[in-house]
Amino acid sequence: MRDIRAIAVLTSGGDSPGMNPAIRGIVRSALNRGIQVYGVQRGFAGLIQNDLELLTSASVSNIVQRGGTLLKSARSLEFRQAEFRQKAAEQLAERGIEALFVIGGDGSLSGAHLFEAETGIPVIGLPGTIDNDIFGTDDTIGFDTAVNTALDAIDKIRDTADSHERHFLVEVMGRNSGFLATHVGIAAGAEMIIVPEHPVDIAALSEQLALNRNSGQGSSGIIVVAEGNEAGLTYRLAEQLKQHGQSPHVCILGHIQRGGIPSGHDRVLASCLGAVSVEYLLAGYSDILVGVQQGEVTDIPLDNLLRYRKGLDPELLRIALQLHR
Amino acid sequence: MRDIRAIAVLTSGGDSPGMNPAIRGIVRSALNRGIQVYGVQRGFAGLIQNDLELLTSASVSNIVQRGGTLLKSARSLEFRQAEFRQKAAEQLAERGIEALFVIGGDGSLSGAHLFEAETGIPVIGLPGTIDNDIFGTDDTIGFDTAVNTALDAIDKIRDTADSHERHFLVEVMGRNSGFLATHVGIAAGAEMIIVPEHPVDIAALSEQLALNRNSGQGSSGIIVVAEGNEAGLTYRLAEQLKQHGQSPHVCILGHIQRGGIPSGHDRVLASCLGAVSVEYLLAGYSDILVGVQQGEVTDIPLDNLLRYRKGLDPELLRIALQLHR
Amino acid sequence: MRDIRAIAVLTSGGDSPGMNPAIRGIVRSALNRGIQVYGVQRGFAGLIQNDLELLTSASVSNIVQRGGTLLKSARSLEFRQAEFRQKAAEQLAERGIEALFVIGGDGSLSGAHLFEAETGIPVIGLPGTIDNDIFGTDDTIGFDTAVNTALDAIDKIRDTADSHERHFLVEVMGRNSGFLATHVGIAAGAEMIIVPEHPVDIAALSEQLALNRNSGQGSSGIIVVAEGNEAGLTYRLAEQLKQHGQSPHVCILGHIQRGGIPSGHDRVLASCLGAVSVEYLLAGYSDILVGVQQGEVTDIPLDNLLRYRKGLDPELLRIALQLHR
Amino acid sequence: MRDIRAIAVLTSGGDSPGMNPAIRGIVRSALNRGIQVYGVQRGFAGLIQNDLELLTSASVSNIVQRGGTLLKSARSLEFRQAEFRQKAAEQLAERGIEALFVIGGDGSLSGAHLFEAETGIPVIGLPGTIDNDIFGTDDTIGFDTAVNTALDAIDKIRDTADSHERHFLVEVMGRNSGFLATHVGIAAGAEMIIVPEHPVDIAALSEQLALNRNSGQGSSGIIVVAEGNEAGLTYRLAEQLKQHGQSPHVCILGHIQRGGIPSGHDRVLASCLGAVSVEYLLAGYSDILVGVQQGEVTDIPLDNLLRYRKGLDPELLRIALQLHR
């Protein structure tokens, strides 16, 4: 059992719903063990600027249901330079802080791994992103809420799609991965799901829409599109479909997917990962992500995140195909 | 007291939340007086195609809480031609239908006025639009729900705006009018509200944002923008603000504002207008809009809609200015 | 134009959604005119205990969307005694506070009237209650949100009512008045609405339910009941209906109706009343309620609240009867 | 690979959100394989009354987001008698139906097991209950939605609890099990969670509340209570706490927990279980529950449900204890 007197916690990258209960989990779990907790403002930027303050049990009261992150988040260009990482480490040491907890996505966690490798300060990562694209964990804090937010929007769009007998292309977040689009698509009863992992066949898509229209499934419907890497993808798809005789509307959900009251699932997930991550540190672990595999909390070497890429569940895609016909 | 045996009802133009309880109000109120009610599919298009069916009390059970319109809606180019309007009138007469109820916005109600003028079939209009831009009525069916939908989205966006200390330009619907933007802006605690009725002064806007930032109100905030007449307005505003040193994000709310479960206010409004509009018909009125003035249901000649334009409440704008500083 | 340097604001009685934007409206409007604003903690109790602090523009940032009241609320037995009211007045005078703004319901506003009568300190009231039972104003802060909250619950209950083909008696708040029940009942498409203003005829109610059941409107339905003055009313109604062969379930909505994110309507109403109430004070008014009549903000002598009782709108009840058959 | 031409599907027991997408999953998956699907009305009651009709792909369009069950549900006393079960089996055979899909809770699935044992008609069960108390599956259709519904209510109650500095005892469903209470309690940041699996120590509870009050965590808070087996438990707890100097309010969430729009998680779960359950049947399985273990869909012998009882996760309770202090 490691003996730790003080830790620091920060949130980094795009905010995701559930970061607050994750912070609360770390703080309460640490305080219960007599460990001091410093909150770092604005992610790695605040780490460099030495913008930290002690958190109490009351600091994290009444935040479990708040979206965003009370520690704020930001992108830091400086943190990409070794000298600033060194400076940050020295400042932590001066305060007697013996470990750093980082809640964020792929990029932030890779930065955390580098920080420990260079400075020797133990780092524990928690997966905080709505994209659920972090290798080694089946779930991430914010994903479930984002699915529900997108569905809530699509349920509204469907009213108009039905009333006007139109198709809608609805773009959800996901630059490199279709996890969000796949879950949202299945849950929305979408006629099609378009993800970056697979090429789009416009002719086949158009044919399928015509087929559905004739098969008595009505002439309205939702097609869920992951935004992908090139801006404007969904508008281009709509253009191409028009050339095949379809006339879909486009709706880009955008930033509403990042915020909002965290769902029950995300609050429980975040609370548990937060609480247990402190135990991992005390048990001697570091340079790990505390995530979920097969329904159980587990540790994943942060190193893995740099080396592997998480793939879409082929089973889920197979099921999706059976449902929308 | 007019003696009426059968009426028809249709929804036209963009759908709005509350059209269903409005239909229900008309149907139940008419049936209670022994009047038959035909539902017309797809607005004026269905009227021309003679696509009508009798509605029962059960047809409108369990729809009070549904967004969209069970009668569907569409735009009809044919209805702009006198010969098709004549055809529609003849078909109504053949079925013994003695009056037509039209739920829709400005354009649809103008079409209804023309229809009565030409064919002599009595027409009663109900204001169904999220824009609340119909002259002569203080309120329209769907406006309140759209305000709440936009706010729900903005409450989510604010989480990210706060966490990242950024400004967001949020575009709401409103091509010609800033009613939705003004209400949403006040209710969202927006720092700025930009409406088509007033020119935008980018330099002043930028200065104001800088001022707010320095006055301790934090460095995040929401600016609500009505979409206006030229596509891409909000993106251009963002570009211009960038040239003044701001770096706002843009979020276009789009079609989510049209759908959704109607709010309590819209359900009560729609139910009352629906029920009372039948009484207006029986009392001998026609060629009117049944709307709201000073909190009371009243009739407005449809003719007025062609001649006057509803203006923004200057008092509300004045109050908005006091709040966001 | 009165010259005022400092005011105090408090919230009193049961909390209602929109109290926060009302506080914000008063604070921002006053600060814009160079008037200092003190926030009083816990209503009249805090006034007696001299628990006040200065509010800044930032104190009321980011609260427009929060339920409850940041100034907290409480019932104060002491405030019923003249000597404590006198003490409160002296403490206000010592701080140079020249007027008191009270946001609350009937009882709180009556207390405010008494306070001005006895101490000469000008008082301005704002209607803050979900019951909408304050004489002289058509609307109160929190009513619209409470209607929506109750409807949201009933929409869920309806799923079970339909699936199991059962009737549900749903009890909403309203000890002395049926405003909430009437609006909720119309908006929910309820088969019956039971209010304290009218006696219940169980035999007729039971007969009506049987009639609806046979008329093809399905065998499920919602009956909205205002809680009334005697605890357990709804359970007794269910018992009596059982004796007439019905077997309704009972659902008591309870305290969820008081809280929640304020609706757009309530945020706009509260913001406007808050901002304008400061102008009334400066224009020389006091001992008034700033409320709404026929869609316009207006002043009502607080004295009236003690002398008159607000009645249910008979027109609304008449319409309700036409809709649920 | 079994050759099956027709199946029947029913929902039984208390309805739960997600039953509709589960039905849709079974129907679409079966139709895609050329299998006819009969929908049974009102659970086992309709099975006995021979109340079945063929479902098409369009029958299950636009239901993925609806709460309740389109097949309706009911309790059937007759189905407890062997002669009626025999009659139901004969009627299925007459229609050429070769398997029965049952979506429901513990009791319904036990009935299904008995039905196959007696009649030889293959039965496939799907876990549909908000209680998540079915042995052998980590998750049930409706549980996640119920957690979110309860949290939504508690977030509202918290506004009042904070404003009035009071404690609230909030009762959630759960006669025999504390799964719902535990998840809701952790996600709500509750100060206490009371479950049927563990005795309540009123003195300790009261002491803890006093302790929290003094430790700067504020004087308000939420205590989540599973309803348990004896009616009125929560009211008795409140009485007992009063004798220890506390004065908590009571809120019984009741039937709102059963209905509502299913969450994204429940829609995906239900769609997958529905689709895959057809594959289990075709692969030769029967007398099984298709559920989830360690994040993967799997089969559990229905027999097990009669013999074992699912226990609360001790790890989750341990974590809960770390969070609310």
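Going in written order, the chains are labelled A, B, C and D, and every chain counts its residues from 1.
Note that in this section a contact is a pair of C-beta atoms (placed from the backbone, for glycine too) under 8 Å apart; a residue touches a chain by one contact, two chains touch by 3 or more.
From a predicted model like this one, the values you see are computed outputs, not experimental measurements.
**Student:** Going by the contact rule set out at the top, which chains touch both chain A and chain B?
**Tutor:** Common contact partners of chain A and chain B, which must touch each of the two, are absent.
**Student:** Trace the shortest sequence of touching chains from chain B to chain D and report its length in steps.
**Tutor:** Between chain B and chain D, the shortest chain-hopping route counts 2.
**Student:** Using mean CA coordinates as chain centres, what's the gap between chain A and chain C in Å?
**Tutor:** Taking the average C-alpha coordinate of chain A and of chain C, the gap between them is 40 Å.
**Student:** For chain C and chain D, what's the span in angstrom between their mean Cα positions?
**Tutor:** 36
**Student:** With chain centres taken as the means of their Cα atoms, state the distance from chain A to chain D in Å.
**Tutor:** Measuring from centre to centre gives 28 Å for this pair.
**Student:** Using the touch rule from the top of the page, what residues of chain A touch 2 or more other chains?
**Tutor:** Correct list: 155, 158, 162.
**Student:** So, with touch as defined above, which chain pairs make the list?
**Tutor:** A-B, A-D, B-C, C-D
**Student:** Would you pull the chain A residues touching chain B in the complex into a rising list?
**Tutor:** Contact set of chain A toward chain B: 11, 14-15, 17, 19, 42, 66-69, 72-74, 149, 153, 155-160, 162-165, 168, 249, 251-252, 254-260.
**Student:** Chain B touches which residues of chain C in the complex?
**Tutor:** 21, 24-25, 28-29, 32, 56-58, 61-62, 64-65, 138, 144, 147-148, 150-151, 155, 158, 162, 183-184, 186-189, 215-218, 261, 263-265, 267-268, 271-272, 275-276, 293-296, 316, 319, 322-325
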